[in-house]
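Let me give you the structure first, and then I'll get to my questions.
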């Protein structure tokens, strides 16, 4: 299994990986590159990552999603490198018995990913300029001995 | 000596992907390393309050001692997924 | 565009149909045939529909979803005929600027579909027996002159 | 004469996909047609309270008059989508 990749994300292979005859509900979330950002026309986007940590964050987020929600399958992949308009930067695939759980779990996975995944977006605008998008500061790990708060 | 690696906008600000930090002590905490970095590269100062630090695949707290064998990795605010709200 | 079909549902063609460079969020819901129902092992499923009304219900549900939620694209297709385990019986595809809207809209579409779409499921069990699944009675249309309640 | 079409479990109960209802009046309401149907096929009686009625692509209320040129379509409780909860 892989989590971070320089290659175009392949939904079909994630659907095959998560194939599960016990599940009646499948929810997919994809983030795709938009043609605009804060009023400026975007020509493309470049994602960079701190890969050693990013792979671990996604692997653990899959496990955490499976533990927090009654869902049977959860896979997450994130793209790095140069993307054109319309290409997917992230895919979340969840399968469950009941559809409400699949929706909740997929939403949790993408919301949490955006707070934890060490990935940076570099916008390329049609006027030739570029800019790193500001984002969410990563939270410090809990002090040793202390346990992470469960909410 | 400690290797410091930059990601995201910090590469732009630092004008490099990494640098070597000369330290007198053999072992530094994250805070001590960031203070040396601030002295060596004042342009980074305004970014450091919102930067997270990592070694290998784990985040490290500011009060933790660093493993001098591993790079200190500086991670600015993250913007994975898709648009800020998408 | 088609809504009810006897052919296997084709996610790729719905993704192409809804392609929209202004959208950064895509949510897909698929209902798939499970291998069990209320403790009995299922070998397959047969869906029948009252097609003249079913096509209209899905077409209107797409429009209603687009009107109720700030989403740019909504397509819904439902399968009829004999399906094997794992095949998709329904696909909902929503694209929007903001991901929360895509999740909300896709959920509304599938929840509402299940109350309005004149489709019936006939379970085929591995022991050779079959059974129509009970479902949700369709609601009567409002009395003429009265307006449908908006909630 | 009015054609009545059955869907879902009603096809099983009626043992047919449709039948012809002989009516004395030229025009019937839905309620009147269902009452005739109940007399002609008593096995359907227990299903009728949860059945919706349609003509062409529209649902019709029980008090509405039927278009005698179009079949009256009987729609039992629906189970589209996927599993009952999936």
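By letter and in written order, the chains are A, B, C and D; residue numbering begins at 1 in each of them.
Definition applied: a residue touches a chain if its C-beta (ideal position, glycine included) is under 8 Å from a C-beta of that chain, and two chains touch if they have at least 3 such contacts.
None of the values given here were measured: they were computed from a predicted structure.
With each centre defined as the average position of its C-alpha atoms, the distance from subunit C to subunit D rounds to 24 Å.
Distance from the subunit B centre to the subunit D centre is 72 Å, each centre being the mean of its Cα atoms.
Under the contact definition stated at the top, the residues of subunit D that touch 2 or more other chains are 82-83, 86. Chain contacts: subunit C has residues 23-25, 31-34, 97, 99-100, 110 touching two or more partner chains. In terms of which chains touch, the assembly is arranged in some other way, matching none of the line, ring, star or all-to-all patterns.
Annotation, chain-chain contacts: A-B, A-C, A-D, B-C, C-D (touch as defined at the top). If you check the complex, the residues on subunit B that touch subunit C are 82-83, 85-86. Put simply, subunit B touches subunit A in their complex at residues 7-9, 12, 50-52, 54, 56-64, 73, 75-84, 86.
Of all the residues in subunit C, the ones that touch subunit A in their complex are 11, 19, 21-36, 85-86, 88, 97, 99-100, 102-103, 106-107, 110. Residue ranges on subunit A touching subunit B, taken from their complex, read 31-34, 37, 47-50, 52-53, 55-56, 78, 89-90, 110, 113-122, 132-141, 143-144. Across the interface of their complex, subunit B is touched by residues 23-25, 96-100 of subunit C.
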